[in-house]
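Read from first to last, the chains carry the letters A, B, C and D; within each, the first residue is number 1.
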Amino acid sequence: MNVNSNKRMSLSDAVSRFVSDGAHISIGGFTINRNPMAAVYEIIRQKKRHLHLYAHSNGQGVDELIGAGCVDQLEIAYAGSGRFASTCIRFRKAVESGQLPVEDYSNYQMTLRFMAGAMGVPFLPTRSSLGSDLVNRWGFSQTARQANARVPDRKLVVMDNPFDGWCDTERVVLVPAINPDVTIIHVQAADRQGTARISGLPFADVEQAKAARHLIVTCETLVDDDLLRGAPERNQIPFFNVDAVVHVPMGAWPTACYRYYDYDPTRLYQYRDAALDDDRYQAYLEKEVFSSHNHEEMLARIDDRQLEKIKADPRTGYAVGLDRR
Amino acid sequence: MSTEIEYTSREMMAVAAAREIRDGDIVFCGTGISMLAAMAAKHISAPNSVIFFETGAIDSQLEEVPLAVGDPRVMFATSVNGGLADAFATMQNRFTGRQVVGIMGAAQIDIYGNLNSTVIGDYHHPTVRFSGSGGACDVASFVSRTIIFMQHAKRKFVPKLDYLTSPGWLDGPDGRKKAGLPDGGPSCVITNMAIMGFDPETKRMVLNGCFQGVRKEDILDNMGFAVDTSQATQIKPPSAEELSILRDKCDPQRLILG
Amino acid sequence: MNVNSNKRMSLSDAVSRFVSDGAHISIGGFTINRNPMAAVYEIIRQKKRHLHLYAHSNGQGVDELIGAGCVDQLEIAYAGSGRFASTCIRFRKAVESGQLPVEDYSNYQMTLRFMAGAMGVPFLPTRSSLGSDLVNRWGFSQTARQANARVPDRKLVVMDNPFDGWCDTERVVLVPAINPDVTIIHVQAADRQGTARISGLPFADVEQAKAARHLIVTCETLVDDDLLRGAPERNQIPFFNVDAVVHVPMGAWPTACYRYYDYDPTRLYQYRDAALDDDRYQAYLEKEVFSSHNHEEMLARIDDRQLEKIKADPRTGYAVGLDRR
Amino acid sequence: MSTEIEYTSREMMAVAAAREIRDGDIVFCGTGISMLAAMAAKHISAPNSVIFFETGAIDSQLEEVPLAVGDPRVMFATSVNGGLADAFATMQNRFTGRQVVGIMGAAQIDIYGNLNSTVIGDYHHPTVRFSGSGGACDVASFVSRTIIFMQHAKRKFVPKLDYLTSPGWLDGPDGRKKAGLPDGGPSCVITNMAIMGFDPETKRMVLNGCFQGVRKEDILDNMGFAVDTSQATQIKPPSAEELSILRDKCDPQRLILG
């Protein structure tokens, strides 16, 4: 956090400054929507390693970070990209081959964990998952947990309701707070100071943003203060939570950015195809990510007609009639 | 299967689920066929049902079928575009949660309707890793009833789950109460062959009805555990109207129907 | 809650239907802003009695309900109306005379209690109030609590952090959920189905609304569905939470309604003056509240020039240069 | 009191508090004089300080002085108009909370800077009932430091509070830690006569400095407990610039300054 009035910087600076090897990070978005993909590709380019990644259903970005070997440990609720991968492919390979330790929670539990971090409390309660293996099975062993000061000693705690049945509730599950070193979100609009506005669903971006020690905001449009302050009800992120503001048009591509562009089915199917085979995946990384210097260059290689097709229709906010087969 | 109009088992499943939705239900939708069922129900028998998604979209006006619950199509012309925290609180809430029906799928199901969508094999060294719970465990924990989609196969209807992701009736009639879960639980399982229910006393799975042309033996042959089939009826095939709504209004591109 | 598509009704119907004698209720707003005053006056007119009232800093409306003798028990964080009454006057008299049992919490604690009710959990944790008399002193005795099934057996619970110091936290205070029988809020815009939009600060209205079994929404403007659904990011209340939609222009008067009108200093000083004396207060109730049949009639008696003065300026949302001395 | 320009003790108090605000502070404001102090600080020494309110308004552009924290004037041209839940979470948050300074008042204060804004007399049968905590207890619990406004009077500086609404240093240097509160606590008390501080070792109140024309004896005479006055200095009167900002930019109608 930072109250300065101009936090604009390049994506490469923001990533090298706030994402260190071994950092605990989280990224915004959901499955194939508003993932901060430009930042994800920059993290891959800068060959960040040993990341501890927190995700609810943060989809495409999570799979690419895992595929590129950036992630050592994962706490997650859901790794899927809808029709494009009912289970994220590089995630699945990494787990099945024993390379990636995973701790499973539910989406609400992960949301509550970020919310607890944002609120500054060590845990929040829920009635979700009582009697399930989310409670009974731990991905990280108690020994591993005790050896690592950055993760809580327990995955979660089942507790009797101390208010004696109040709200017809006998028992709750307490889930521990997350405070990532850095969260990265992609939004539709931000100003130089950091005030940010998300259009469409915010998912859990706001909780993820406020839980973090540092926050990088990438945005489609960089606007004047006055514009956002003219309707503050529509802004979700106060500037003092923000450390870096990066202007990256198409920064969520190939995932969607409501009212700007849809997800890119062509690219997501290409990715799927590459991800299914280790050699093809290495070729994808080399050709598509490492050989471009930044997101702009990456995008410049995509056929304009392909990008034109995913442009959002002004009435609905998505690409009406887009061929998604 | 055939009636006057040809239809697929996927279409039968979507229609069967749509019929389970009552007017006034708040319908929690996952990705895929559950969305079609909810969309179809609104057009057929439950015009005042409300479609909502764990991503936070409430009463989405689905002009095109979404390919994921995070699809921008769920955000259009909703009543409120909230966040995940709001969506799950709606289900855990003591008043609204009672009116929510959840539609979900899984990789494995047991006789008490408990679901696995996490791993096949050992949790720490899985043979197959799936996406994980997502919101499934939350929905199964909170809402008044759930409708489950499954493919009918021995490896899916198993005596013991490799991992219990989403609680059904747990280990029987008192299972949820003992665990501390709210009232609620699975009401039916819709497969490519049949509709399974749960005995009101024992909470063990039973056969409610077979789809057209399916015999009870076929069903039992495709399950890893035995169920009572004595009360099973024949399921009415989709009507021409149901099919036309499903095909023309809900998924004209056949993105989900295939 | 209710999913029907037309919930419009008169205020008199909404109050008689959803506010019964002895009901547990909460009202929206904060001190001198966006209190559902029209509904408050209607409750007074209908002589509702024995209410159990929950409030954070719900200000003017709380004082008038107490003054009119509607309230038997109060759980509250703050009873004040800014410059017009640093302590609400009828509240103060009722407490000092021993007529009104009060349970004190902080504003955050009351907010968390509504939030817990909205979330469907029996409690939420905070680090606020450790070591203070909010923890050590209880307004309602344990015996009284145990005799009343509608209040939790304990005011709050202090608990050691079961995650062993996680988040540098050794101890938390758990505050119990509130689920009022009915919450009443006043908003700028709603449609017949109940979708509601608040402009300016929402205070804790959204949590109060979602915690309640029944919800009455009064609104300045009743709009077509399409209007609110054109920008759903700006709506806070989904229609299925709502039981009654009541169109009441100036429904927050004499408190403010952002972008519509400011608070009415003339009226608030008149109220203050009346409140300070028991006879004058009875006269106020008779003359201003009981003798009018509804809010419209009450407002019709106010000099138009007085109401003109508090009209909101379109740029700032309040009455610029209003004489507030 | 007089310098070249006449000023009131209220003006001196507002200026003294403004001087305590550092550039980059996030300033939690209550109603009344604390708002003036925060507004003045932004114009004088802390242009990058941020004014925010428990009602949820962040970085309010105060063109007119609000008469309550729920005044619509706090909602204009903010960075975010959130709710109470957001505002208090900002203070409890482990990162943002560390940068927040709270400004508050009370009816009683004790030697450790604990505050009472609830009752005089017995809690169940009070002689005087005040508004209650509001956000005061939360702010005092969470933030890195607080600035307290008080009138200097024996009945206000008391050996024992009738009710401890907002925790200061509780019972000494380890008080907050023992209770489980976050780091932080009162940094100074600004009265109509003086600025009081807290001894870094004992956390007991001391006299930091007297306003112009006030003697140490006057201060001790107006307190219900003794404090160390040995390190007290003379407080610089408001400068012409400070006064002009306060009067012309912050409260031209003298709604708070009286």
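Here, a contact is a pair of C-beta atoms (placed from the backbone, for glycine too) under 8 Å apart; a residue touches a chain by one contact, two chains touch by 3 or more.
These numbers were taken from a predicted model, which means no experiment stands behind them.
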Item to complete: Could you grab the centroid distance between chain A and chain D? Build each centroid from C-alpha atoms only and quote it in angstrom.
Response: 40
Worksheet entry | Euclidean distance of C-alpha centroids - chain B vs chain D, Å | 57
Worksheet item: Whole-Å distance, chain C centre to chain D centre, using C-alpha means?
Response: 27
Item to complete: Two or more other chains in contact with one residue: find those residues in chain D.
Response: 75, 77, 81-82, 92, 94, 142
Worksheet item: Multi-chain contacts in chain C: which residues touch at least two other chains?
Response: 117, 120-121, 126-127, 167, 169, 172, 179, 200, 233
Item to complete: Considering only which chains touch which, label the overall pattern as line, ring, star, complete or other.
Response: other
Response to the item:
Full set of chain pairs in contact is A-B, A-C, A-D, B-C, C-D
Worksheet entry | Contact footprint of chain C on chain D as seen in their complex | 31-32, 54-57, 63-64, 66-77, 81-85, 88, 92, 94, 118, 123-138, 141-142, 163-167, 170, 175-176, 178-182, 253, 255
Practice prompt. Quick one: which bits of chain C touch chain A in the complex? Just the residue numbers, please.
Written response: 117, 120-127, 152-154, 157, 159, 161-164, 166-167, 169, 172, 174, 176-177, 179, 198-200, 233-234
Item to complete: Could you please specify the touching residues of chain C with respect to chain B in the complex?
Response: 1, 3-5, 117-121, 179, 193, 195, 210, 212-213, 228-230, 232-233, 235-241
Worksheet item: In the complex formed with chain C, which residues of chain B make contact?
Response: 24, 26, 48-50, 58-59, 61, 75, 77-82, 89-97, 99, 142
Worksheet item: Which chain C residues qualify as touching chain D in the complex?
Response: 29-33, 56-57, 59, 76-84, 86-88, 91-92, 95-96, 98, 104-109, 111-112, 115, 126-134, 136-137, 139, 158, 167-172, 200-207, 256, 258, 262-263, 312, 316-318, 320-321, 324-325
